[in-house]
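In the two complexes that follow, chain A is the common piece, with chain B as its partner first and chain C second.
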Partner chain A sequence: MKSKLSRMQSGTLRELGRVAFAMLFAFAAGAVFLMAIGSNPLTIYGAIFAKAFGSFDSTLRRATPLMLSGLAIAIPLQTGMFNMGGEGQIIAGALTAAVVGASDLGLPAGLHAAAAIAAAMAVGAVLSGLPGLLKITRGANEVVTTLMLNSIVSYIVTWLVLNPFKGTDYSPQSKKILPAAEIPTFGKLDFSWGLLIALALCVLTHLFFRSTAKGLEMRAAGAGPAAARYLGINNKLLCLLAMALGGAVASMGGALEVLGGQHAYFDEFFTNYGFDGIAIAYMAGSHPLGIIVTALIISMIRVGALAISRTTGMSPYFVTMLQGLIIILLVTPRFAGTVLSLVRRRFPARKKEEGGAA
Partner chain B sequence: MSVLSMLPSTVRLTLPMLFGALGIVVCAQSGIIFMAMEGGLLGAGFAAAYVCFLTGSAVLGEAAAIVFGLLYAMLLSFFINQCRGNHVVCSIGFNFIMLGATTVLMQPAFGNTGFSPNVQKLPLVQLPVLGEQSINLFVMAGAVFAVWFLLYRTNWGLRVRSVGENPAAADSLGIAVNRYRFQAMLVCGVLAGIGGSELALGQMGFFARNMTANMGFLSYSAVVFAGYKPLAVVLTTLFLGFFDAFQMNAQLLVDIPSEFLLTLPYAVTVIALVFFGSRKAPAMFGKNYTREEE
Partner chain C sequence: MKNMIEMRDIVKMFGPSCANDHISLSVKKGEIISLLGENGAGKTTLMNVLFGLCRRDSGSIAIDGVEMPVEYSPQTAIEHGIAMVHQHLKLVETFTVAQNVILGAETMVSRRLFRREKCERAVGALCSRYGMDIDPKSVVSALPLGAKQRVEILKALYRGCKVLILDEPTTVLTPQETDALFDLLRSFQAAGMTIIIITHKLHEVMAISSRVLVLRQGKAAAIFNTNETTQAELAATMIGKTLVKAQVSAQLHSHDCPPSVELRGLSTAAAGDACPLRDVNLNLYAGRIVGVAGVDGNGQTALVEVLAGVKKLSGGSIQIGAKEIKKNTSGTMRQEGIQIIPEDRHRQGLVLAFSVYENIMLGYRKDRRFVKDGVFRKAKARQFVSQLSNTFDIRPRDTGILVKRMSGGNQQKVVLARELSSPDVKIVVVSQPTRGLDAGAIQSVHSTLLKLREEGKTILLISSDLDEIKALSDEIAILYNGSIAVQRAAQGFADEAIGLYMGGGKEV
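Let's turn to the complex of A and B:
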């Protein structure tokens, strides 16, 4: 019974069912928690969903950097590398874009934005390429070096935005970018054309790994390094390349939000965008198209969280908790089956065909 | 500022990190990537402060933290070993849950969203050279020895290590892979409990929102840096603790922006990894074990 379940074809419908189950279970567990501390779950969930769907354009805006943050994990993962440095890469990219966007380069609209994005991506590629390089040359564990770089980058970015790139004396933010560097929004809606760039990048990544030789080589390097080497694939170089691509994409996410949303870099605005990317990538099984869906899910509950403290007085951290639960349930597809089989073992009389030996 | 004068603060900053790191070592030897120490320390700190707040007894607080650590490890083990979840992602999920839950619960538990009231601290001892330290320093000495002894001088440890190196071979010899991994995680849970209680009751005497501030991740780095060995981990956590103490002292003395000094422990870890990075992890690190026929 159990093995038959795990061998089932994983179609799209089944994937959606899995996501729906995880969300429902997480919300149910969250409701129990809320009732235990004396809050009304209906009010709180009502507020979350009213905000997430009521301001769906905000949800789409937040999903833009989150998709790229997810890709930043998923691309290196294809070669077996873990890029946990999204947090630092995003803020470094965001600040770079803000600084380039605010300087007068004499470029026309569009080109200026492109230059800002390119600069951000270069910075991101260096930030993730360095751990990649240390891994392939010195064997330094990239999980640890990227995590450490998050802290290092965040302190340095804070210093930069308080000193050389200070925009105002009143808050830790950079100068406002020039109009030529702005990415236009869709009319009065909250999200910018950056959303289309992010969507296109997800599709392109999918095609890259699906149908190009380099993409296949990268997947081979991740799936079986020894076999790949035997086929004459330069594993190390591909790992490095995938890491650099991941960082570039993460930084691009930060840049798109600065150029298309905030129009300046605000310190600490991007807290958790990088860690959310880890969840988004794994929830989607690091499938680039799945990332579009999972980024939207995380974006919805994040946007909803902004509303609950204002309208219900509940701490927005409640959503952090829910998110943790959803992440866990989505990466444990066997959760339901395991619980069922434990229940069945405890109450063997209910299902006779298993044999009640215990 | 001499090195000697920084010893007391170095040891104080090291202690909670070292408890966490020891727990991570036991898990790592069994093949489990325990990235959930951040949430473990945070939850244990909360449990310790809350029970101490209710009962006025720091010892009961530490006991509660240990109980919490055990439950935390059991739940994580259920998702990793039973449901075969990805170690890193499940761990990150648990970190999120604990950050969320402890922050939400601060209002009902302490009536304040930022800090708990001051509570009874664990008994302190005055030592030569090391200065004033919590009694957990002695617990730590015992724990380091116990972990080393368990891992390298007992049958249990041999089995735990075999489960981390080659679970299929261990399984063929009748060693229940997931049971040993579960037990290793329980040991880790106890250590996380003591670490969290040391942080809240040994050092601060209160609980603050997100008071671990990456300590769990730092202890994980210390473990990698130590090559997953329990005795080496004492040195690497002391090393990180020293640089933390150093940057705190240096902020008062030299005219370098504090942001740069704050990066020191992290930068030093990266540099250290460049030189000692290629130490070997257990072969089946992070891989869930499934029998072929399943």
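Let's turn to the complex of A and C:
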């Protein structure tokens, strides 16, 4: 038991170290870049973190859909499927929630919000389920189909919000949702109860994959498809299911932001939420609990980015560059190996002490 | 006569483990010597060091009197006349025999062009000189395994090798092909070539080599002249104790009982290179082991896949008791109590990235004892898995360890533990259960199978290891070109006859 615990810890610690080092290195490289163009990195980074921590409630609000966007990648990935369609699934979910939320269904508060979320999730499940179906029946590469669907969905949603679901004549936005469909915020703070839903979903996903038979089957379908087939597991069905779940979760992220924040669908608002999900899931190693942390990190630099253009004149795209650097450093195997050997060279003495004490 | 190969005090470490621990080996010119040892004894490593694939940590090597530097490449080794035929052949499947042979050693007409006809003629001449029946123009992928191996040997000859190293050359060959290979090797020896054979088959050591170096756990255990030793002595030296060979009890179960499983005219659609089933008829009996022998690639894979339900039948049916199955899904086959030990345990048997616990629970994910409302009852499941770990002697006992970090023998025990511990096991299909395992693990697998036989289970054993088939089976069936050539009692089924059927022949 003891050895198992230390093994788990060392594995997790190593992963954390890897991510932390990649981030530090990215920030260092970013600093060099900033100095090269004549800016003071301390001012810029100072502004980013001052904003991210100063308005931490905004960070939490933005982290809500980002967590779900990360889960939307991580869940299908357990079965070996890549859902790159988060971008489209989020906006489709957001518009669906806005439209359902704005219709008078005669439902009491809470139930109306739940109905809006459920409708959004259904739409998301269809959007990711279709590529999943094409994959398992026809072998169409789901990376390509989900990516392409993003553009299709994005333009359809824009058309919908400009035409049938138009809310005002002045800007591309839908009608305001009814009070019954709103998800309440915490007092005057920026984030809503949606954050708790997102957190709960991360924990539930973790428990699902760790402790249930279906979860084990799904992971087996991804990690050992041949063995799974020999054990009578229907891999294809599970892949499809995981894809649909991924899309549903992504759309739920869009819905929570509309119901708990915007209270209407604004076109172009959700740009990059889906692609950030890829970074979030990757940094977390697809671990649902890790996603909570990495979603917070990405949310911080995204929220901070809004501040730097105002206070320092630096383009907010600078943080997109940082984010890209982090991912590049994480996917570079040699780099990770170098980090690992550095860590190992640093810590052997400590390990020996532990062994001696035990 | 002077020594062709002189290896002194070779040490090779892989991390903390010592693969070669001060091993010395000298081989005379024109000698055939065997390296004998279990898996992991360090045979292949020693030869990789000689061939320049591994850098030695200490010790010295001289080839034909020339001292070799501490680090040298296979290219250098080849220049010194060393050639190595690996266990897994390294051929370009889409090239012709001649192209494969000359690859890397082309006779050039200019910087970019080489003469095809001239090369083909040279390769053809080489074939006829040693009496090898191979057409230099045929494409390698169309050749049987034995011939592919000879192409590898041709490559060595073409480069003018003086020392030929063969790593487990007979694993995939029929008895006849093995004899042919040995004849070929003897003719090389007559021509003055030095030959080193890596093997773990005792009778081959006796048949082909004049001396044998026995390795055990990275150390040189002993060196024998084959005419002064016995197979029993070699076996004892190899595993460090007397080998007790698994053997079915002499008393056979009565033959007049009806079969518990009948395979009737099983056929599958052809797909890719794999050999499909063509009208397979086979009877299995409770309390008996039916061994299916045959050269790899004659439909073994398809037979297991059909019984596992992962490959659809295109014709025929499987009769289990009163039930006739025509649509074989993995769900129905499992329901009928068929348990599968697949041939490729890394891919089909296990999820390598999973722990022992997870791999075992995959087989019990619908078992009410361990799953309630779809959620694992962790305490009970963990207790069950550690109990299995004890029963099957899975090492290490820690059930949280990932199976990819375990040895092959223990991985196989995990598969056995999962497949054989269900209360409703009736039929067990075992495919290549001991491939790549060492002697200790082989023995434990064999005794597990014999125990199942005692318990009255129906057992189908598919193996390309003829010794294994003969040691365990009550009846032997031979699979050739997708159908069963013969099924009969193992007793009195002579090796020559088995070899004939395996090669597609018939007894006269």
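Criterion: the second predicted complex is superposed on the first by the 314 of 358 C-alpha atoms of A that agree within 3 Å, B and C clash if a C-alpha of one lies under 4 Å from a C-alpha of the other, contacts with A are read in each partner's own complex, and residues count from 1 in each chain.
The rule is short, and it goes like this: contacts are C-beta pairs under 8 Å (C-beta built on N, C-alpha and C of every residue); 3 or more make two chains touch, one makes a residue touch a chain.
Keep in mind that this is a model prediction, so the values were computed, not measured.
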Superposition on chain A - do chain B and chain C clash or fit: fit
Touching partner for A:T212 - first (chain B), second (chain C), both, neither: second
First (chain B), second (chain C), both or neither touched by A:A223: second
Chain C versus chain B, contacts on chain A by residue: B
Smallest separation of CA atoms, chain C relative to chain B, angstrom: 6
Where chain A meets both chain C and chain B, residue numbers: 3
In the complex, chain C residues that touch chain A: 308-310, 329-331, 333-334, 340, 342, 344, 347-354, 358, 361-363, 365-366, 371, 374-376, 378, 398, 400
Contacting residues of chain A [partner chain C, same complex]: 3-4, 7, 211-214, 216-217, 219-220, 223-224, 226-233
Sites on chain B touched by chain A in the complex: 78-79, 82-86, 88-90, 92-101, 103-108, 113, 214, 217, 220-221, 224-225, 257, 259-260, 262-263, 266-267, 269-270, 273-275, 277-278, 281, 294
Residue ranges of chain A in contact with chain B within the complex: 2-3, 6, 33, 37-38, 82, 134-135, 138-141, 143-145, 147-149, 151-152, 155-156, 158-159, 162-163, 275, 278-279, 282, 314-315, 317-328, 331-332, 334-335, 338, 342
